[in-house]
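Next, two complexes with chain A in common: one pairs it with chain B, the other with chain C.
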Partner chain A sequence: MALCEAEKTFVLHGVEENFRVDGREREDYRPIELETNIVSHAFGSARLRLANTDVLVAVKIEVDVPYPERPKEGKLEFFVDCSANATPDFEGRGGEDLAIEISNSLSAAYKSPEVFDLTKLCILKGHKCWKIFVDILLLECGGNLYDAVSIAVKAALWDTRIPLVKSVTVDGNNVDMEVSDELHDCQKLDVTAAPIMVTVCKIGEQCIVDPNVAEELCSVGAVVIAVSKDKFSTVLQIGSGSLHPQTLLECLQMGEKVAQRLSEALTETLSEINPNKNQDVGFLK
Partner chain B sequence: MPQKIHIRLAAHRINPSIAVNRRVPKIFTPGQVITEQNEFMRGHGTYEEEGFLKSSVAGVKEQVNNLISIRPLKSRYNGEVGDVVVGRVTEVQQKRWKVDTNSRLDSVLLLSSVNLPGGELRRRSAEDEHMMRQYLQEGDLISAEVQSVYSDGSLSLHTRSLKYGKLSQGILVKVFPSLIKRSKTHFHNFYVGASIILGNNGFIWIYPTVSNAEDNAGGFVQNLEQVVSRPERETIGRLRNCILALIQSKMMLYDTSILYAFEESQKYSVAELLIPEAMVDVAILTQDRLSMLENS
Partner chain C sequence: MPVDHKRINGPEISIPYQLFDKLNTKSLKTQFSEIVQPNGTRADGRTSTEHRKIFLKTGVVSQAKGSAYIELDQTKVIVSVFDPREIPNKTDYSSKGEIYCEFKFAPFSCHKRRLHQQDAEEQQFSAIMKQALESAVFRHEFPNFQVDIYAMVLHNDGAALSAAITAAGVALAHAGIPMYDLITSVTLAVQGNHLLVDPTLEEERLCQVPLFKEEENNHGIVVLSVLATHEQISQFYQSGYLSYACLSSGIEMLTNAAKDIVTLVKKCLVKHVIKSVRIVED
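Entry: the complex of A and B
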């Protein structure tokens, strides 16, 4: 999609006026809809809709051998698939660059042990660990992908249940493990520190969060800030524009503030989920 | 002060349907048998198989005497001569522009069917051909009228009237073409300080009202210096959100429904109109007022 100069001017003046095209202020977020446990055969899943952005995340778990240099840690991998349903640009290999960019940023954001404790995934030191695959499917793009993906990933990891290991026996080189037969015997991951990414978009002289497609087209550059609790876990720049150090500082402050609010809102929503009540909605309603 | 961030569970989703105590028309799905009798004629959106008349699209039945057709709920725009459309230029070619009008194929705007800036009855010379990109370039929005429909269904547009031409500052809202009600005029100047072009193709253009009908040379001038004032901006934003509220509840869009929605939405701030509850509330209030108008 392209915008004409007049439309861009309208968006730009609106951002300066602190009144964006849909009436939001610069730090306002659009309403989000979330559903967890939407893919029944996955270990954990979430679907998130932010205006027209639609993301589906599913978590799969396998038993694997830990890396020799980190025998006490499990593994966590992200994979992003850009469906051509989202935009025709993703057809063929069109979405590959974006997919790699998003999955790399997620891996970087989740890398620190303070953010996500991989040692919890260890089954037997040096021999067996859990490997978590986080598969992200972009179903529709309506702007602000990074934020949407990071919230959906956090919700999906929150939803993930890892089977309880009853016993591990070592017999020479063979390692045997027994997983609990009880379907509901499982442990949940600790995601309180899982990062939330906030895209701060620079339009004109001002910065905004949660840009829609038109605003993304008007921006000269954007910074994606991953915040875990009150710490930054990653900062990366997207787009070609360059930023003044002072602007970057402002972006970081703004991003942190918004991430706190997002994280609070997400925690509140996740606490509303009641596993005993049927809250399934799915795709067809 | 920024608003609270709303993250809601899908289970707490608001039902946007406003058809509380009115008859909901039956929706046919593709392949569904419409009638088993064969004295009917098949219209658009239907086909015959094994002697039955079946629906080829998802939509509602429309019957005129013996002719049965199914009107699809969502579809691309099927143009008709005389329709007002809003479109975006996608390509500049020899003597023509390609325009995206939400139809299956891009529409064509010929150089010979535009009023060139500054010129009354000017011959479209080779010089004009070279200047085409300066009149309209890729990404520009235009309002136009459908001049003719080619045999493959693509449209030929014209802007040979002062009311058509290049669009300046404003917002484009895209809705399903089936939700635009056909009326005498699709250009509306609301008393609230904004104007609207309801394109038959489902593209709606909301812009600040131009106070004096200055002769802007057939609408080829964009004023990029002009800063739209805050009150105008609020009106435009509110109109945009009201239109989205109406289409969420699948209500027809025309001047009265949009204006009623605008008036009923005053109790909310513009940004609050993004919240589903407020949107449904506005749609219900508008529907009530419209049915009152119908019954009186």
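Entry: the complex of A and C
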């Protein structure tokens, strides 16, 4: 997508007036659709649609050996796949840089034990642990990928069920474990502190959240802010611009405020999802 | 991932022997209280806001257009910048030049042996470096061309990324790439109420996890790069778990610390200019 100067000015003036091109205010999000538990082979999954951005996240779990330096912890890894379906730019290795950037920012955001407790994934100290693979598939890019991905990941982790381990037996160097046969005997992950990322974009003199593709092109710089509870778990600058320290602080404040609101809305939505009710609608079903 | 079979790699799974060290059984909290006093004095006698002594030199790689070597006490990084060349495998015209950064830890630079291939951390550091340098360079001066910047960490004793960014700024200036401003970068490690400017590897390690209860569970690493005369932050990265109050005071501390280095960077460049003028005179 390319914008001419006149179009850029139009977007800029809209932001200045607090009335953006699509009628939103500066701190408003576009409508979000969220579905969970849609991939039957996965232990947990979620699909999120934020206007034109479409993300599918699936969680797979395997048994692995913990890192020798952290024997009491499980593992959590993120993989992003930029499908060429999303935009022709991703064809071949085109989306690789973006994929690495998103997966690295997610691993950084989930790194602190205050955010996500990996010790819960330990089965037997130093020998066996659960390894969680979070696979993120970008199906369509309509701007604001970080936010969409972080919400979808949180929802997918919320949906994840870890099989219950009934017993672990150690025989010399052999470790055997018995997993419960009962399909519904499983644990849920604690995702209350899982971070929500908010991209704050600077356009002209003002900051906005949830930029669409046109607004992303007009911005001079953007900050991705991952907020967990009331603290920042990761902050990183993206785009090629630089920011004044004061602007950075304003962005942080705005990001925190919006992330709190978003997190509340997500918790509310997730609590409304009832597995017993027959809600089979939409995508992949 | 393709693997280079000509290189002799170490065994696939190996464990650094330090993990079995009997002295290593102390709790992280005790280790932290041993290296940082309650008043902020650190193991090497620095106060919490004090930067390590910096050694900076230009022109260390004769083959490169520009190069710089930086030492922050034990941390040693070498950066080289090569002539702009056409962007490889590119079909459409880009009106702005590109910057390509490659950040690499030497295999012997850390406790654990690093592989020759870039791992996720190094790729992330490369991206951060690119982010930092992009806004410092006149990219419209070399459209459709790319400048290659290679940073090699010879010894990692904390704040290697900051050292690489500062040195890359000097190397770019040395290479004669037009720039808006000199770029300097500083790292901050946070643990509870302690904010430690320019942490050593040990301090960085102890700031990865919260050691104190509730209220004081702030912890993390902040890296910030500044274009001093324009008062702009060209790159900002934080990981861990920090409150707004802590982060904002950290940003202020880092901006000031980064400004202090500028004099040193200027001195180093002036020295280089004087030297080259003398050579011309002779």
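We take it that the second predicted complex is superposed on the first by the 282 of 285 C-alpha atoms of A that agree within 3 Å, B and C clash if a C-alpha of one lies under 4 Å from a C-alpha of the other, contacts with A are read in each partner's own complex, and residues count from 1 in each chain.
Criterion: contacts are C-beta pairs under 8 Å (C-beta built on N, C-alpha and C of every residue); 3 or more make two chains touch, one makes a residue touch a chain.
Since we're looking at a predicted model, the values are computed, not measured.
In the model built by aligning both structures on chain A, chain B fits alongside chain C without clashing.
Chain centres taken from Cα atoms put the angle at chain A, between chain B and chain C, at 110 degrees to the nearest 10. In the superposed model, A:161 lies in contact with neither chain B nor chain C. When the two structures are aligned on the shared chain, A:262 is found in touch with chain B, with no touch to chain C.
Contacts of A:75 after superposition: neither chain B nor chain C is touched.
Legend: residue contacts after superposition of the two complexes on their common chain; A:47 is shown touching chain B, with no touch to chain C. By the touch criterion defined above, A:29 reaches chain B but does not reach chain C. Contact with chain C, but none with chain B, is seen for A:245 once the two complexes are overlaid on the shared chain.
Figure legend note: chain B and chain C, brought together by superposition on chain A, show a least Cα distance of 10 Å.
Touching of chain A by both chain B and chain C, each in its own complex, is seen for no residue at all. Across the interface of their complex, chain C is touched by residues 68-69, 97, 100-101, 103-104, 107-109, 111-115, 223, 228, 230-238, 240-245, 248-249, 252-253, 256 of chain A. Contact residues of chain B toward chain A in the complex are 2-13, 88, 137-141, 167-172, 222-224, 227-228, 230, 233-234, 236-238, 240-241, 269-271, 273-276. Considering their complex, residues 2-7, 9-10, 13-14, 17, 19-35, 47, 151, 261-262, 264-266, 268-269, 272-273, 279-281, 285 of chain A touch chain B. Within the complex formed with chain A, the residues of chain C that make contact are 15-16, 19, 120, 123-124, 127-128, 131, 134-135, 139, 208-210, 217-220, 227, 230-244, 247-248, 251-252, 255.
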